[in-house]
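Can you read through this structure? Questions will come right after.
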C-alpha cells in the first residue's frame, strides 16, 4: 500500500534523529515488534513523528528535553536511552542532558533522577563522550 | 536566624519568576503551609530554587519547559498552574506552552495532555492572553 | 481545509458513542480547549478515534472496558466519567462497569477503585440508572 | 447472611480507628458506594482491615505511617485525609504526621509533599489541632 | 491448618488459568516468596482469586483484558507476562491481546504500549504462537 | 572546596546507615554517577541526608519504613534494595520489613508488593538472614 504524506514526513524526521555513526532511532529500536500488527509502524511514524514531532514552534532541542523529562518522570528506561541518543544527535551536549535530568530533582525526587543518569551515562560511554573536562 | 547564601540566591530567583502584575511564585502559593514546619520554606527556597534553579547551563525557558513536562506527566495541577505562570513571566508565549504540552501526546497519552491544557487555558484567561490570532 | 478520511471515520465513531439523550462524547467534553491549537481536534478525532477506535478485532464493549481499566489505574477522573458514559451508551450495564472497576482491586488497591466507583455512581445517578434491584 | 470472623475482626479495627469526636473511618467515608455491589463492603472490612490491618508485628503508628507514605506518593487525597484522621486518633501527633510527609521530599519531590501537607493541614484545622507552639 | 472455602475456590480458578503445557499461574510464579510470610499465599489465593476472580458477571476474557490493561498502564512486566499467558490459556488469541495493548495508545502513550508488546511477543515466542498469518 | 556543615551531617548519617559487613549506603551505590556533575553528590549528602534524614522527631525505624513504602509504591527497585539494607542495618528485622511491604497490599495491589518482596528476599539471602523460624 502506498504510504501517506504524514508517513513521509515522519520518516524524514526519524532520519534526522538517527546518528550517522549508528545509534538507532525509534522505529528501529522496536523493529522486531512491527510484525505484531500491520498498522503499528504507521502509528509511530505518522502520528508520533509525522504529526507531533513535525510541528513547528519548538526547536528540536526543546522538543527533546520535554520528551526526556516525561520519560525520566515515568522511569521509562528503554525509551530514555533512545531519546538521550536523539538529543546528542540533534546537538544537545552531554552536560545539557545531565543538567536537564538533575533539574527534575525537586519534581520527581532523587531515585528517578539517579536511575535516569545511569541510563544517560551508559549512552555517553557507548558514544565515547565526556560529560566534563 | 540568619538566612544562608543559598536562601538569598533562591529568593532572588523566586523574585525573577514573580509576575509584576501579581501572579504568585512558589513560596507564596503554598504560603499557608509554612507554619507546619520551621524548615519547610528553607527546603523550597534553598534547595529547589537556591541549589537547582540557580544552576547555570540551561536557560530559564528550557528549565521551565522541563518542569512543565514533568508536572503534566504526573497530573500535578496546582503546580502546573504555578509553572505555566512562571513560564509566561520569564518570556514563553502561550503558544509555546501549548506546543510543549501537546508534544507530550505520544509519551503520556491524551488525558494528561487535555487536563493540562485546561489548566494552561485557565492561566491564559486569568492573564488576558490570547493563544492564537 | 478539507477533512481527511480518517477524520470522517473518527467522527462516525464519536457519533456512535454519543448518548442520544445528551451525555457528551470526547471532542465535546474538551470542546473549549480546541481553540488552543488548530490541529488538536484532528489528533483526537483522527488518531484516537479514526485510527485506534476504528480498529476491528475487539468489540466496543471490550474496547471500553480496556479504556476504563487504564483510566481507573491512572486516577483520571474527567476521562473516566466520559468513558463510563460511553460504556453505557454502547450497551454495557451499570453492573458490568462496577464489576470491571472492582476487578481491579488486586491490581491497583482500594483507593483507586473506590475513587473510580464514586465517579461511576455520579454518572449512573445523572442517567437515572440503577445498579442493582 | 451471617458475617465472617474476618468481618468481625475488621469491624473491631475500624471501630478503634474512629475518632470518638466524629472523624469517620474507612467504610463510612465511602458509605454511599456500598450499594453498588453486595460484596464491596466485605472486601474492605474483611481483607483490608480483617486480614491486613489485623496482622501483628507492626504497631498502629508504623502501619499508619506506611499507609500515609503510599497515599502521599500516589497523590490520593481523599484517602490521605482519612488516614491522617486515623493517625491522629491512634496517637500520632500532628508534628509526627508533618515529619512523615516532609521525609518523603527526596523520594517524591516537592509537589506531592506540598499537596499532602495541604490535606493534612485541613484535617488539623478541622480537629482544632496545633502543629507547633 | 484447614484451608477455607474461599481458598478452594481460588485454587480452582488458578488451576483453570494454568496452561496444560506448563505456563505457570500466579501462585507458582511467585512461589519462592511464599516462605516470607505464612499468610501471603492465602491473600493471593483467597482474595485475588477466591474473592475477585470468582465473581460472576464478567467472562474470563473480559476479566483478563481488564487486568492486562492495568498492568500495561503501570508497566508491571513480570505480572504482564503471567496474565498474557493466562489470556492465551483461557482462549484469547495473540491478535486479541495485541489489539488490547495497542488500544491503550491514546491513554498511556507509545512507550508503555511498546514495552508491553515486547513482553507479549516473548510469551508468543515461548508458546510457539503466530500473531498474524 | 571546603564542605559545608550540612555535608558533614549528611555524611555522618550515611555512615550510620552503612552495614559494617559491607552493604553499601546511598552515595556509594550510585558512586559511578558522581562524575556526571560536580554538585550531584552534594545534593544527595546535604539535602537528602543532611537536611531531611537528620531531622529529629521520627526514629530511624519509622523514617526507613516511610522510605520503603514510597519506593514500593513507585516500583523503584534499585533504591528499594538499598533501603532494605539500611533498614536491616539500623535494626529492623526481616519480618518487620516483610510486614511493612505486605501492609501495602490494600494501597498498591499485589504486583507492586510481590515485586518488592522479591527484592527484599534477595537482600535477606545476600545477608544470610532468615525471615521466619
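Letters are used for the chains, namely A, B, C, D, E and F, taken in the order the chains are written, and counting of residues starts over at 1 for each.
The definition used in the following text is that a contact is a pair of C-beta atoms (placed from the backbone, for glycine too) under 8 Å apart; a residue touches a chain by one contact, two chains touch by 3 or more.
Note that the coordinates shown come from a computational prediction; the quantities given were computed from them, not determined experimentally.
Asks: I need the common contact partners of chain A and chain E, sorted by label.
Replies: Joint contacts, listed by label: B, C, D, F.
Asks: Most remote chain relative to chain C, going by C-alpha centroids?
Replies: Relative to chain C, the chain with the farthest C-alpha centre is F.
Asks: Distance between chain C and chain E based on Cα centroids, please, to the nearest Å.
Replies: Chain centres of chain C and chain E, defined by C-alpha means, are spaced 24 Å apart.
Asks: Taking the mean of the CA coordinates per chain, how far is chain C from chain F in Å?
Replies: 41
Asks: With centres defined as the mean C-alpha position, give me the chain A-chain F separation in Å.
Replies: 31
Asks: Taking each residue of chain C in turn, which ones touch at least two of the other chains?
Replies: 39, 43, 47-48, 52, 55, 71, 74-75, 79, 99, 102, 104-108, 110-111
Asks: If each protein chain is taken as a node and each touching pair as an edge, is the resulting graph a line, ring, star, complete or other?
Replies: complete
Asks: Taking the touch rule as given, give the residues of chain E at its contact with chain A in the complex, in rising order.
Replies: Result: residues 75, 98-99, 102, 105, 110-112, 114-115, 117-118, 120-121, 131-132 of chain E touch chain A.
Asks: For chain C, which residues count as touching chain E in their complex?
Replies: Chain C reaches chain E through residues 47-48, 52, 55, 57-58, 61-63, 65-74, 79, 95-96, 99-100, 102-108.
Asks: Spell out the residues on chain B that touch chain E in their complex, using ranges where they run on.
Replies: Contact set of chain B toward chain E: 104-111.
Asks: Which part of chain A faces chain C closely enough to touch in the complex?
Replies: 39, 43, 47, 51-52, 55
Asks: In the complex formed with chain A, which residues of chain F make contact?
Replies: 30, 32-33, 35-40, 43-44, 48, 71, 74-76, 78-79
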